[in-house]
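A short write-up of the structure that comes next.
The first chain written gets the first letter, and so on, giving A, B, C and D; residue counts start at 1 in each chain.
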């Protein structure tokens, strides 16, 4: 651990490389987090199955590529398939827990995440998989930063998708209905907005976002059936740091987490990278809560 | 149901518990695991049911107990039984202390923040144990073996686990009948109100978690010895099995009731033992389905549903004044 | 008479919005004081500040001669300063008697002394007070199954159970059936006269507050607009302008 | 000081507090009086051709039945106020007219069209029924103008909503001044004005008004009733309202119904009910 830290000091450009690569995956975190914030804000549900949607998106892309679909074309395909999965899950399960207490929805989506995880394990097997795109590597600054081109593609795609969604929420009619429902569902209902459809659309849209993210993950990195929970936790982390409404903050927090995690993974050793993410979440939760309470200025 | 009927039921259950391992020796291990399940559900419910703090990471204390006990047994050089006794005591105290220390930060979190925060704790602990050489890292630990020359290993662990479940039950029952128990319920129903009424909620919450961790820690120590192997992710911090089962069993039986977790654990364990083996690898899919089905369609559990149907069994009544 | 509660130059802002600005007022021991004012004039914020839930930015709050503005909610409550909530808050899954028991002063002791049962006195007192608010026959029902008005009565009884010196009531009659309001006023006055509890009441219902309070403070835009007897406040042109409207 | 816990306190048990009637007691007394209203009386109150007519409505939420065989009739440009104890089903009637409840039996007709089976959005768009919700039903993070435009969500064309919003701004200058402000920062009175005018975007015939005075300071209560009166008299809107402040509501309304346990127990002209001693004792708190 200390040796790794020493390495970073000896070769500062190594840090730049780690950060650059971390930012790339950070964009994916931001994308999934944006979806989580949407569902949280509109349905009042924290979707534990978030990471499983990412994982499924990856397997959809893999399967499609196996059937001859060009890798980059799997991105919209994964989004569409996951949109349908999200809609279906809403109709089967989620609509029953929307108005119930948070614990019920938390546990229900937890159950969904276990089902999706185990089904994927049975169907696709437990191996670590990746999808070759045939794109090359980018060598920057005399080889001090080495970046796979697909990661750059992924980064740009993630940001474009996120911004498109943001514009949709601002401009489109359904987008307005989604915003109205998140601010005051009862008021939305008396204006003739079918909030049940809005909920379904929101949940499906979130799944689609994750699906797109997943197809990017499988091309630029790797997936396996048990990859989900860390993605859920990362989304949650980004959302609690950035808040529910602010897209710029979500992007910043996502990128920051990606970079931080990559550096930490190098310093602590890869075997502790996941532990780092979870511990970081716990620490941020506690510190954040402490700061909120601090505003009360206890004397004793 | 009259009181006499209730007592008869309990007496029958107790009697069966004493003779079961002799009647069904081939199931001794499963029966021992049954009591572990009861401990899981009971200790989870102290926070989740009675106090309304739904922890997804209580498995943490089970794992700490398992490792703590095994490390003492390994390093202290005592003979088996003394080592086990000291190890269990250490497991209990260590778990309780960790609960109090972590509680200072974690128990300030409300609702879903607490649930997800504890989930993170449980998983982080598993990941850390999986990389830490002192406790065998990813390859796990093997606690000392029960002396081969002695017979009755299974009975020994059966009765230890049974005793632990019984003591846990009795202690919790006594606790719930005190002001402390009512304070737990008050925090569950409305913590801000409890604070506004002057209750020392922080202390109450910490103690509750410590009590829960105390018994769970002993359970972990015992289970490590019973299973004979401690794996960081599949035994000690097995969030995807034991960790979820705790929650599920308590809900199945009826959150926030004394007997609910016991009933839920028995029903779940028997179901699992009967059907699990026939599912051929699809058990965990079934587990997920079960979770969804129970929380969506049966959130009040067995006792909660009975309570709705027969409120007078639970002492609810309108009394007109004379 | 001495000031039981003394608020001096209290200011409080959050999110850039000033909720209270330089508010000063006193509540005399044994009094029933009223607090009125338009929505958003900072009444509930002031209550929250007094009980420690929203610490103030500047100024001083003294209770029984001691500064309490830096203490936290439970500590202030244990000194005998309690509030009830606008949206009534009771322990919904517990029955009425349990709600009362946990409101008794000895439930506020350090945790280790909570590890014992309830004294007979507590139960006797709980029954008396439930009887006082008319909930005796419902005492073994889940509090959450009571109607809104009954929950308000229960919350009031719980407040009495904990033997406060000063009780802050946030809109005690809001949402209460008109036929119950007279009885509620009656009980508030009794609690004040017979149990000696000083009351400080936020109320929109003019009929109620004019009949109940001996002194009224009117807030507007977070500042004190007028103070005095009900008649004085009612006749104050600034109060009429900002709050009551011409026909009041 | 309060430490003196030995002091006897008397209440219901002791029998010294006699000014109180619990909700249960009100229901019991009303039932004991055997109050009920004939359909003919209701129709007579509504005038020649009722705009909204309900026949034998039985409705509730989920499986629970709250309204039993309710009849109701109100004419064009009339106002009807529903009073009664908590839990009598006042709001449930409004919910049923708008389509938020489970209807087990009976019919609801608006302007001769049977709307019983229609969804809320159909009723709002086609039958001209708008619901004005009690307490905080604005979208706090949207501007006043955006809020109004959301009121036209069901209109086929957004320009129609824009035109309607302009008409609202012309009519209510107070709102026009705050056009670009977030609705969350409006004062209580302005918010209520926004809630009412947002319902006008669809140009409804019937306004269902749920507790217009709740949580409002006194001077705004008068303002709200003035606005509603203006809509009724000038624009010929039909108003059906539930009001906690029964005296204000009955003084405002042309017709008043007293509801007890999901049935109509009394019905008369609003002013006449206000004078009725039984109503005063049982429902208005003396």
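A few comments on the model shown:
Definition applied: a contact is a pair of C-beta atoms (placed from the backbone, for glycine too) under 8 Å apart; a residue touches a chain by one contact, two chains touch by 3 or more.
Bear in mind the structure is a predicted one, so any value in this text is a computation, not a measurement.
Hopping across touching chains, the smallest step count from subunit B to subunit D is 2. Greatest Cα centroid separation from subunit C: this falls to A. Mean C-alpha positions place subunit A and subunit B at a centre distance of 33 Å.
Mean C-alpha positions place subunit A and subunit C at a centre distance of 46 Å.
Note on chain placement: the centre of subunit A and the centre of subunit D lie 45 Å apart, centres being C-alpha means.
Residue positions of subunit A with contacts to 2 or more other chains are absent. Counting partners per residue, subunit D has 12-13 as the residues that reach two or more other chains. Residue positions of subunit C touching 2 or more other chains: 53, 75, 131, 136. By the touch rule above, subunit C contacts subunit B in their complex via residues 51, 53, 73-75, 77-78, 82-83, 85, 89-95, 98, 101-103, 106-111, 114-118, 131, 136-142, 158, 162.
Considering their complex, residues 54, 56, 105-106, 108-109, 111-113, 115-117, 119-121, 123-124, 127-128, 130-131, 138, 240, 244, 247, 251, 281-282, 284-285, 287-292, 295-296, 299 of subunit B touch subunit A. Across the complex, subunit C is touched by residues 175, 177-180, 182-183, 185-186, 188-190, 192-201, 203-204, 206-207, 256, 315-321 of subunit B.
On subunit D, the positions that touch subunit A within their shared complex are 98, 100, 120-121, 124-125, 130-133, 136-142, 150-151, 153-154, 198-199. For subunit C in complex with subunit D, the residues that touch the partner chain are 37-40, 121, 125, 128-129, 131-134, 136, 147-150, 160, 163-165, 174-175, 177-184, 186-187, 190, 194-197, 204, 206, 243-248.
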